[in-house]
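For reference, the structures are reproduced in the following blocks.
Each of the next two complexes has subunit A plus one other chain: subunit B in the first, subunit C in the second.
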Partner chain A sequence: MKWLREIETFWTLFTAPTVWALHFLICYVAFAVFCAKQGALALSFDTVRLALGGVTVVALGVIVLSAWLAWRQWGFGTDDPPHDAPTDEDRRKFQGFATLLLAGLSFVAVLYVSVPLLFIGACQS
Partner chain B sequence: MHHLFIVMVIGGAIIWALTIGVLAYAGRTRPKPMSVRGASRLIVWGGVAFPVIVLFLLLSYAVWLMPQVRPWLPGAMDGTAEIEVTGEQFWWRILYLDQAGKPAFETANELHLPVGRRTTFRLKAADVIHSFWIPALGGKMDMIPGRDNTLSLEPTKAGIYRGPCAEFCGTSHALMAFSVVVMEEADYLAWRAARTQAPVAPQKTSGQELFFRHGCAACHAIAGTPAIGRIGPDLTAVGERQTLAAGTLSNTPDSMIRFIRDPASIKPGVKMPAFGMLPDGDIEAISAWLGGLK
Partner chain C sequence: MSATDLPTFTDEERAGQEERLRKVWTTPSGWRYWTSVNNTEIGLWYGAAAFIFMLFAGLLGLMVRVQLAVPDNSFISADLFNQAFTLHGTIMMFLFAVPIFEAIAVYLLPSMLGTRELPFPRLSAFGFWSFAIGGVFVCGSIFFNAAPNTGWFMYPPLATDKEYSGIGADIWLLGLSFIEVASIAAAVELIVGIMKCRAPGMRINMMPLFAWYLLIVAGMILFAFPPLIAGDILFEMERMFDWPFFDAARGGDPLLWQHLFWIFGHPEVYIIFLPAIAIMAMVVPTFSQRPIVGYSWIVLAAVGTGFLSFGLWVHHMFATGLPQMSLAFFSAASEAVAIPTGVQIFVFIATMLAGRVIFSVPMLFGAGGLAIFVIGGLTGVMVALVPFDWQAHDTYFIVAHLHYVLIGGMLFPVVAGIYYYYPLFDGKKLSDRFGKVSFWLMFVGFNVAFFPMHFSGLRGMPRRIFTYPAGIGWDWFNLISTIGAFVFAFGVGVVVIDVVRPKKRQPRCEQNPWNAGTLEFISEPEENWGVRSVPIITSRYPAWDQPDLIDNIKAGRYYLPDSPMGERETLVTTVLDARPVQCLRVGGTSVVTMVAAAALGGVFIALTFHWWWITIACAIVTLGAILYWLWTGTAKIPETQDYDVGLGLKLPVYASGPASVGWWAMFITMVGDGTAYASLIFGYFFYWTIHEDFTGGHAGPGAFWPMVALVLFVLAWLLMLAARSLNKANRIRATQGVLVLSTVLTLAGCGAGLAGPYLYSMDPTLFVYPAIVWVVAIWTVVHGAVAVIMQLYCLARSLSGRMTARYDMDLVNVVLYWHFMVITAVTSFAVIGLFPLLR
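And then the complex of A and B:
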């Protein structure tokens, strides 16, 4: 896992919001297509609902993983923000801390997007 | 929806009182230095956990309340009527559907709805974009050719309301409206049953004979007669409607005669041709017969 720490990229920062965006898209597109083509697809409503539940669990898992990596990048909270010194270490810790906050936000957002999955029962005809 | 309002108002009031209370407390007390640990804990619990949980609960409650998303709950969709309304230049084709979603009967330019029951409208357009709007009952919804839009409304008070076309659709757009008669449920069921039963042939008069002789039946349908035209509005029980010519004229014999004689002078751009060449007596007889259809 050493290589992970050596790569300098912003992608760690974007991972969680990207997962949030993909999860949002998958949920809405899946139901839009399913409801528009109800007769054409041999899927039941609950199958789609369960599949999206699975997608949600995977999305939350990826976000938790991203949060854990961010926590590690931040040094497990050994040092307090604002990490504004012009050094490699502060830059790394700042990115780690920002990623951790974004991961938290994305986690909550994915949960909110999934709320209708719990309550929805049918396509609006 | 009433409950949603109450819960949101009470919830909002509690949160407002808490926030203002904390503000007042902070303004009146002498600030004591807080430990870093205590301050972080306050931010995490008060600034993150509390709003996240409250919003999650409110969001869940609002989503749970929506009737269409949980039709499996008993009673959620009971007695829901479904009506297909098609906008045409410049009138409304209204098709009542039965429980199985099959056409039950057709009418035009006047909706009858039960009070306290949710009705779902399937909205279509035959020619250009129209918009279905009953301001007293709810928001409007466009009717787009080639698309089915859905709107659901629940009247809470019996009465007669007006619905205009809310999207410019041609020269007589401003003359395209319909009446909505919201009835007590028993009256509504009786009205519906009368429409669904095998139609009783109206009394034969010279007006009826003239209606067929002059070709009116090519475009208009009347249940219980051989008239099955589908180009113009269905005229079954036209005598009991609130208005004529899609909300343009009051339903009187004079209005009917004026409209038959020269529809375009009342509704510019209307598809119905003028029948001014008919003898006055014929038009009067046809009007009298149509006005008596109830």
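And then the complex of A and C:
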């Protein structure tokens, strides 16, 4: 994946949690609007559920991509933490490792949030 | 740079440097002492004020406990009870838990980051005075029997009922809005300070964990507080002018308040908790005498918690009848947040296991607090489950849970911090014996007080009742709780005595009394300059790993050892690698921050009592003070382009655009502002979802005038871009002309923005739809008015020769404001003008 240039910025750290936040927001807003406007919308509960399943897959995909980039930034794990030397390289590896950890957490958190899509079958039961 | 490359000064040179530095950083005496803006003074006042508010709120808590000690008690009246518990919660959350961390951060961060000052010392001072004035106003209300009495989360319709809540609700809304201004000011200061003002060499992989936590917390403040400010605006409009935002009879909905309040309220719990854990992240390595195990994992936990905490707010609203799917999303996120929270606890345990733990008083409070917090965390996992929450909702089980989380997760670590950092104030340690006595009193008292509440709650005792009949199974639990509360209070009393007892005869301790590895103990209590010279950092624990560092700092062998121009100076460094890029001159002692805060306080206080003329007068004084502050204190054209900061390095004194701290401050402020705005727009669409026809049959603003306003604002923005380019090209006259034109267009845009709702006679008191349209329009126009002031300010700077092609910070920052302005205007006018046509 050479086309993905390595970006030297502080903000990549937040990629995966931001994806989690967007996924969460989309799920919440979609069902809030759907459940409030059921009468006016020509959509079924299951359609919304499926669509959000698709959103979940996309979100997980982006997180995996960010995790891969982070893994690369971390040097594919060739070097162990703590990455505390005063060098550009250790700083970069620290960033990569922390980003990778956050991608892991975000992946799990997206899965958590998608569990209700499987088990809840109506707006109000 | 090795030690041999560092310069050596003769004793005479050093004495001269020290004299000049001392003079520049001196704190005035007499009444002028209070005009100081030094981080050590501001931090101390801030912390002391927050602590005093905490003791006051603690007394209110004891009153509540005395009243509930026995059934059918008549110690205080029902109304005073309501005021007492409302003020207890409000003060603890708004006047203690959040501000104490702003205080600790302002105090500690500069020395911890090895720098001299935070970038905006006057902003810190302004924040402190706003906080102090607002705090006294809110606390004082109970002495006039006028305190808020509807609970700290102020639910309508109870809190919008003027007959019941009197003026108390206004005092809450306006007093706290004022204090929220202080919090956002602190967020700006901390984010810019941590990202841009670290010592050279302190890369982000070497930043003290405290700084990591505070950076995340400041970011959270930016997204958490503004929704509450938006809610406060809607709430106050309902109370003041009868606009029915939360009145179901006229299309409003009390649930909107609950959403806005808890979008603030839940992240706030973590805004409180993370800095406390940050103190632990400093204390644990020191007393384990080894670096923290899992530095990156702590960063994961801080960032992860910061994000996830925004997906939890509805777990305070499980009993409101929202769709089950929505509840489940929030339940899932609430369970997920346990992961990063747990990671931190395990990191601390691992660090202690890997080192040799010295069980000192700070460690005692830290470990005890964590034990309490874990119990609160476990009940948190329980109440995050919807079915369990339905049973426990609004009972004493919740009271127990929240006190376990907040006292364990916040108060105990703060006391640990007091014992740990006290030597920074006057070079003396607090007493070990007092500390141990107070710890055991607090720890035992706390558990005796709050553990039984789980049982009284499960037996059905609701929150906020002022008394209860005998014989329904609550008597003993309540009596035990009250006894525990007093034991706990005695423990707090011992801490207070230890802090205030005279220590004149006590010998001074060493400068780094606990042998900490980080830099905060380089700050000398007698000196105001922060650090004698700004060091080069090459380790996470420089005091352990960099031999002679402290001596070299004190000998002035690093950057900025002198102040030849008589200015307060600090270094600005790059975000990732902390390479020095600018010598920043920061504001010194000034009375203008106090005047601005007092005048702004006047605005809020006068509004509470509907004294309109005084409000307007205070608003004018505030504006004047802020303009004076900016005009005389910022974007000064320096005497030289390149300034010698020592060690052979020359840096610019003036920076503009993203390289400048002012640009960042504007950006951060506008992100917060944008969040408040997004909350209002959320309100607009919220009303759309709850009604079949959200206009309720009422006229809208039409499409024409909103579109005119939209076009005018876009044109004004384009002209601002042009002004920036023209100014850069040194075409000063043309810049001035374009600024004038843009100002005229902005004014016209403001007029057109209000014309829609005005010409269609939208009456905001009849129904919620006209009211929300008016609010969105007014918000946008007020921002337009601020833009006009900024445009005229730039014009005046240019005309007076204070803004030139090279020195264009004012204009660049105003253009940045305009980016946000144009997004706001386009969104507002598209939504209110076009959305009604689409539905």
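Structure notes:
We take it that the second predicted complex is superposed on the first by the 118 of 125 C-alpha atoms of A that agree within 3 Å, B and C clash if a C-alpha of one lies under 4 Å from a C-alpha of the other, contacts with A are read in each partner's own complex, and residues count from 1 in each chain.
We adopt the following convention: contacts are C-beta pairs under 8 Å (C-beta built on N, C-alpha and C of every residue); 3 or more make two chains touch, one makes a residue touch a chain.
Since we're looking at a predicted model, the values are computed, not measured.
Of the two partner chains, subunit C is the only one that A:Ala21 touches; subunit B does not reach it. By the touch criterion defined above, A:Gly77 lies against neither subunit B nor subunit C after alignment on the C-alpha atoms of chain A.
Counted by residues of subunit A touched, the larger count belongs to C, out of subunit B and subunit C.
Of the two partner chains, subunit B is the only one that A:Leu118 touches; subunit C does not reach it.
Contacts of A:Gly61 after superposition on the shared chain: neither subunit B nor subunit C is touched. Contact with both subunit B and subunit C is seen for A:Val108 once the two complexes are overlaid on the shared chain.
Overlap of the subunit B and subunit C interfaces on subunit A comprises residues 108, 112, 115-116, 119-120, 122, 124-125.
Contact residues of subunit C toward subunit A in the complex are 195, 201, 203-206, 291, 294-297, 299-300, 303-304, 306-308, 310-311, 322-326, 328-333, 335-336, 339-340, 537-540, 575-577, 689-690. For subunit A in complex with subunit B, the touching residues are 104, 108, 111-112, 115-116, 118-122, 124-125. Subunit A contributes residues 8-10, 13-14, 17-18, 20-21, 24, 27-28, 31-33, 35-37, 81-84, 86, 88, 90-91, 93-95, 97-98, 101-102, 105-106, 108-109, 112-113, 115-116, 119-120, 122-125 to its touches with subunit C in the complex. Subunit B meets subunit A in the complex at residues 48, 52, 55-56, 59-60, 63-64, 66, 68-73, 120, 122, 150.
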